[in-house]
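Next up: some structures, all given as structure tokens.
In the two complexes below, chain A is the common chain; its partner is chain B in one and chain C in the other.
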Partner chain A sequence: MAFDITIADLGDLVRGAALLGTGGGGDPAIGHTLVAEALRDAGTITVIDPDELSDDDFVIPTALMGAPSVLVERLPRGSEPVDALRALERHTGRTATATMPIESGGINSTIPLFVAAQLGIPVVDADGMGRAFPELQMETFAVYGVNGSPLAIADEHGHTAIVNTVANNKKMEDWARALTIKMGGVGYIAEYGMDGAEVRRTAIPRTLSLALRLGRTIREAREHHRDPVEALSELLPETLYHRGEVIFSGKIVDVERTTVEGFTRGKARIAGFGDEPECTVDFQNEYLVARIGDETRVLVPDLITILHLETGEPITAETLRYGQRVRVFAISTPEMMRTPAALETFGPAAFGLTEDFVPFERLARTGVR
Partner chain B sequence: MAFDITIADLGDLVRGAALLGTGGGGDPAIGHTLVAEALRDAGTITVIDPDELSDDDFVIPTALMGAPSVLVERLPRGSEPVDALRALERHTGRTATATMPIESGGINSTIPLFVAAQLGIPVVDADGMGRAFPELQMETFAVYGVNGSPLAIADEHGHTAIVNTVANNKKMEDWARALTIKMGGVGYIAEYGMDGAEVRRTAIPRTLSLALRLGRTIREAREHHRDPVEALSELLPETLYHRGEVIFSGKIVDVERTTVEGFTRGKARIAGFGDEPECTVDFQNEYLVARIGDETRVLVPDLITILHLETGEPITAETLRYGQRVRVFAISTPEMMRTPAALETFGPAAFGLTEDFVPFERLARTGVR
Partner chain C sequence: MRIGIDVGGTNTDAVLLDGHSVLAETKTATSGDVTSGIINAIDQLRRARPFETTSIKAVMIGTTHFINAIIEADRLCPTAAVRLGLPATASLPPLVGWPDRLIKATSGTGYLCHGGHEFDGRLISPMDRSELMRVIEDIHARGIRTVAISSVFSPVNAELEQEVASLVLEQIPGVHVSMSHEIGRMGLLERENATIINACLRELAEQVCTGLAATLREAGFTAPLYLSQNDGTLMDVDYAREYPVATFASGPTNSMRGAAFLSGLETCAVVDVGGTTSDVGILQSGFPREATAEVSVGGVRTNFRMPDVLSVGIGGGSRVRVRDDDVTVGPDSVGYRLREEAYVFGGNTLTATDLAVASGHTEVGDPSLVAQLDPSHVRAGLDRIAAEVAEIVDRMRTSPTPLPVALVGGGSILLPDELEGAAKVLRPDHFAVANAIGAAIAQIGGEVDRIFAVAPGKRDEVLDTAKQEAVDRAVAAGAEPASVEIVDVEEVPIAYLPGNATRIRVRAVGDLALRDL
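Showing the complex of A and B:
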């Protein structure tokens, strides 16, 4: 069902998007600022359900590519993602009737809202990751047969490039990544253009409305002096993400973090409040694997989130700090992200992990050493 | 005047092109191989004079970008530069009526011949450097107001990208360079698309026929037991390159060479046969500055060539070796490459040299310390 987003919704939306961003996806405060400015001019933004798309619709997803941390010092001029979408329209000779996120995250859930506000087109309530991932080929769109190419990328000077690697979405990622580095670390992209039927077949549906519900659930629980994480656990079984569970509570005792080829890689160690073994969480932009002692407890593409112990506010990998008191909260990924084709694209092996994927709700019972 | 190139012409053509390549532009033997194969199928290639172009003609120059040394192990599949030209045609909606070199050099004088043979279109007898330079913004096309963008680049898998940095030709170079690195060191490009009037206004005319004459002059002098370099000196005053002169003869006693960001940089030292001071030649792909003792004698964009002492065969910077007996032969660059706008784009300062440009025919008399 279509609904409108107003400034009053933004706080909840970016909080929920940051939760789904599973440590990555950028600073939700920046996403908030971007869309708030666009909404001041536009009033509202319309979000439509994938089921409301006709087969004649042409949806062009839009996103930021690169290091979201660059944005802290350099907010977009305003037209960059629109420039990318326009460049793709001119190149393909087709006009976008809607835009859509490629992933859920503090910034990339908001870029399409920003585009929609400027162009007066709707945003589709869906995306291609149902969470955040670091690379452009890691899309359910790609898993289920939509090519990312042609991709358009724009910088803050209105300069653009088109990448067309046909069905090779990994090469599209590589070439576009090289361009973002030349652009100073960040570019704005339009890619995976597709019709309404392809959206319904390949996208994770209703992730914008889910982000809004998740963010609202955390806030309202706090307002009613309830435990936000308990409220989340009650909500999730009503969604495609059918289970959410706290796997560890404790205090962050160490964070290793390095930036390699534009990615933030590292590991956080969390000590429990008792004498249980420590929990470690490895990340590459996003949280990839959570272990307790030497037992693997959650594996990508299941969602690992780290939440402030009391407030339930999601903490991104870039803002993890020694001494934070946190809960590690795992969420089942939707079933269409656990198929063999999906796991080949963004399962543990795609990140260099040696474990085979096991759904966390089974790991939680048995553990894997 | 239009003329046809046949296999019998190729040896002379690539020898002359390597001379104009001024140390860069790649191995002429590879250029020879490429075009010989294309000519076996096509029979002849037609070269037309810039004055024969109508204003309705649309000329798309084609070239190799990257490290020509990669080609030694990986000859093009055949369709790469054609793929680039076709991608630019599709993107612009305009069809090329001819192609043209962007520079003179052992390989880039031949890529357009290769394209022309496959497509049955003519090659324009002109180029945008009148020699070789290492970067794409260093074109008389750019100096005199033609944009390089949109540029198309293709790899050996038929994958392509379009770069559109509007009037910023240096940024076009940077982005395309980043893509060639992702392509394994070499890409094939189509850029600086322009009409017939723009070719006549901005290109260095008749450099393909000049390469053919220069190469033939060297060969015929050898066959007639004349000094090839003397024969070149007699020919050049009939051309836009109005003067050629040996500035040093000797033996190579040292070559420093490093590869930095895809460029071959270095310095050659040449000891004279008497007790005169040594000659040094600095290069970045191409020879940039020749000094005798501490006197600067030739500066980019004037052409510095290093020729085998007896045969007059041009030696590229990549094939300079200790012990070679050589002559350093300087050639005046055409006047349209010595204007203030031209010198800003590819004069000494563009290569980090501190000397102001002085035409070599004046330096030869006075020297600069």
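Showing the complex of A and C:
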């Protein structure tokens, strides 16, 4: 069902988006400020349900691509994502009737809202990752047959480029990444243009409203002196992400980080409060796998989040630090992200892990050695 | 000899130091006007221990005056903010998100101009001289007397900010300029905000610094005057006129540095127990560890170099409640009314201090007034205090190795001689005036914080360049060259950028070059 987003909703939305960022996705704080400024003029943004799209609606998702650490210094002009969308419209000869996130975790949950506020078009309540992933081909859109190409990318000078690699979405990622570097580390993109029927077939529905609900749930639980993580566990069964569970509580005792090919890789070790074996979480920008002792407990694409023990505030991989008291909270991904085709694109193997994916709710019961 | 003075919200503490020995210490009430409070503190010191003004080689002052001016939105002057970055950054112009009362108090006006750099040093766009001249004319016409200048990636390349600063100084007689690369670090909005805050304090700083210098001169002092900075180093009074913002967190920093000096520990946790809270910080190589997150000052997001401090609501005046056998302490406190309300002073409120006295651990007030307390409740209350403080200390650690703990502040009598997870617990002498001692012993520092492209095999070379730059900065600020040491090196690889882009931060610190007078 359609609903409006106002300035008052943004705090909850970005908190929920940070949770879905599973440790990565970029800090949504700047996105929050951007959308809040745009809403001072626009007032509200309309969010529509995928079921409300007609088959011939044309949806152009918009996003930011590149280094969050550049974004905090070279702030956007404000016209870049709209320029990218317009460039794609010119290239395809079709006009966007709505925009949509490609990624519901982290800062990219906010870019389509910024576009929508400027253009007065609605945002579709759906995305193609259902969380955060590091690369553009890691989309359910791609998995279920929508091409990312043609992609339009724009900088703050109003300069744009079109990347067309037809059905090779990984190559699109590589080329767009190269352009991003030339643009100073951050570019703004429009890609995966598709009609209403394709959105309904390939997108993960209601992830924007999910982010809003998750963020609101954490805040309201705190206001009522309830355990925010327990409140999250109660909320998730009402959604496509049918289960959320604390798999470990403890204190961070070590964080290792290295940079490999532009990605931050590393491992966090968490010691429990009793005699139980330690929990380790491996990350590559996002959290990829959580193990307790030598038992694997959660594997990508299931969501691993690390939350402050008391406040339930999500902690990103960049801000993990020795001594933090945390809970490792696992969330099962929607079934459409667990199919063989989906796992080939963003399952464990896509991140160089050798284990086969097993849904965390089954790992929790049996354990895998 | 040196004099160290810490002007806090309630008390002004002062010490007279000769080398490493404390000759005299005093505590007086802080006065509304900074200057007379300081003269009063010096008079008290002289009464405690007579000295010749000419034998004082340096006077060091820590003050909360400037941060209070921002919090109260008072005594600020009309300010302009000029940012170079167009066409980028236009979506979030200067002063975005500032509280209205601060914008009003500074008549804040923001200007966006072309310029700025990319992370790799390329220009975003060339600077446009005629555009800048129009902006400067407008600033002049509005009668604005202080200008904050920021430019995208100025921590990587500061040339453009410097060029604009000289243009502004040339065109507007008597104007003050503040440049963002000298004030904050990466993160344009936060750095720019800190620069604007600095700019709007420049006239007040001028006034206070001139007043202090003149007062000390009239009192017969010929020694140089220094103000303490957030990171525990000093700036001379002329530098303080230009960077008032650097004094913002000198309070907690001075108390930690004083604790390091008094305890002889270089790396430890410091617990400063006051009347209402216990503040815990970490010393690394004798300096407070800095907070990594943004710090909000008066409702404005900034990225000042501030010490990382975690507080818990436990102090000498914390109220103690006994329900059945459950004993709770704080977080509410009788605060400065301790001497009227606590049992040991004949009052009717059970406080943490009463527990410490009842345990026989310390003697304050009249111990007979707490003789009737149930020893098991006393024990339970004190155990609880120790456990909560120990947990905060543990949270602040960054490695599994237990740290020694130094206890300072008047309320530290509440804590036992052993804490869970602490390597050892020290209670140095003069603990009540650790903050003034921290001011008196402060050194001079220099810092580099930039993104470097680290080519394969060149890591050591890049680090050496960064270290030399930090050392040069410390010497330029007045450090004795032979004494300068690198105290902190931090490397953070940056995701999604090629060429092993790495953010490197280096801090160097040396002894103040004291002249014989």
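The rule is short, and it goes like this: the second predicted complex is superposed on the first by the 369 of 369 C-alpha atoms of A that agree within 3 Å, B and C clash if a C-alpha of one lies under 4 Å from a C-alpha of the other, contacts with A are read in each partner's own complex, and residues count from 1 in each chain.
The criterion applied here is as follows: a contact is a pair of C-beta atoms (placed from the backbone, for glycine too) under 8 Å apart; a residue touches a chain by one contact, two chains touch by 3 or more.
If you're wondering where the values come from, they're calculated on a predicted model, not measured in any experiment.
In the superposition on chain A, A:322 makes contact with chain C only, not with chain B. With both structures placed on the common chain, the touch criterion links A:253 to chain C but leaves chain B unconnected. By the touch criterion stated above, A:87 is placed in contact with chain B alone, chain C being left untouched.
Judged by the touch definition given at the top, the superposed model places A:181 against both chain B and chain C.
In the superposition on chain A, the chain among chain B and chain C reaching more residues of chain A is C.
Contacts of A:11 after superposition on the shared chain: neither chain B nor chain C is touched. By the touch criterion defined above, A:285 reaches chain C but does not reach chain B.
The contact surfaces that chain B and chain C form on chain A in the two complexes overlap at residues 157-158, 181.
Contact residues of chain A toward chain C in the complex are 30, 33-34, 37, 66-70, 72-78, 156-158, 180-181, 184-185, 253-254, 257-259, 262-264, 285, 319, 321-325. Of all residues in chain C, only 85-92, 96-97, 116, 118-120, 122, 124-125, 152-153, 186-189, 292-293, 394-400, 451, 493-498, 500, 502-503 touch chain A in the complex they form. Listed in rising order, the residues of chain B touching chain A in the complex are 87, 91, 157-166, 168, 171, 174-175, 178-179, 181-182.
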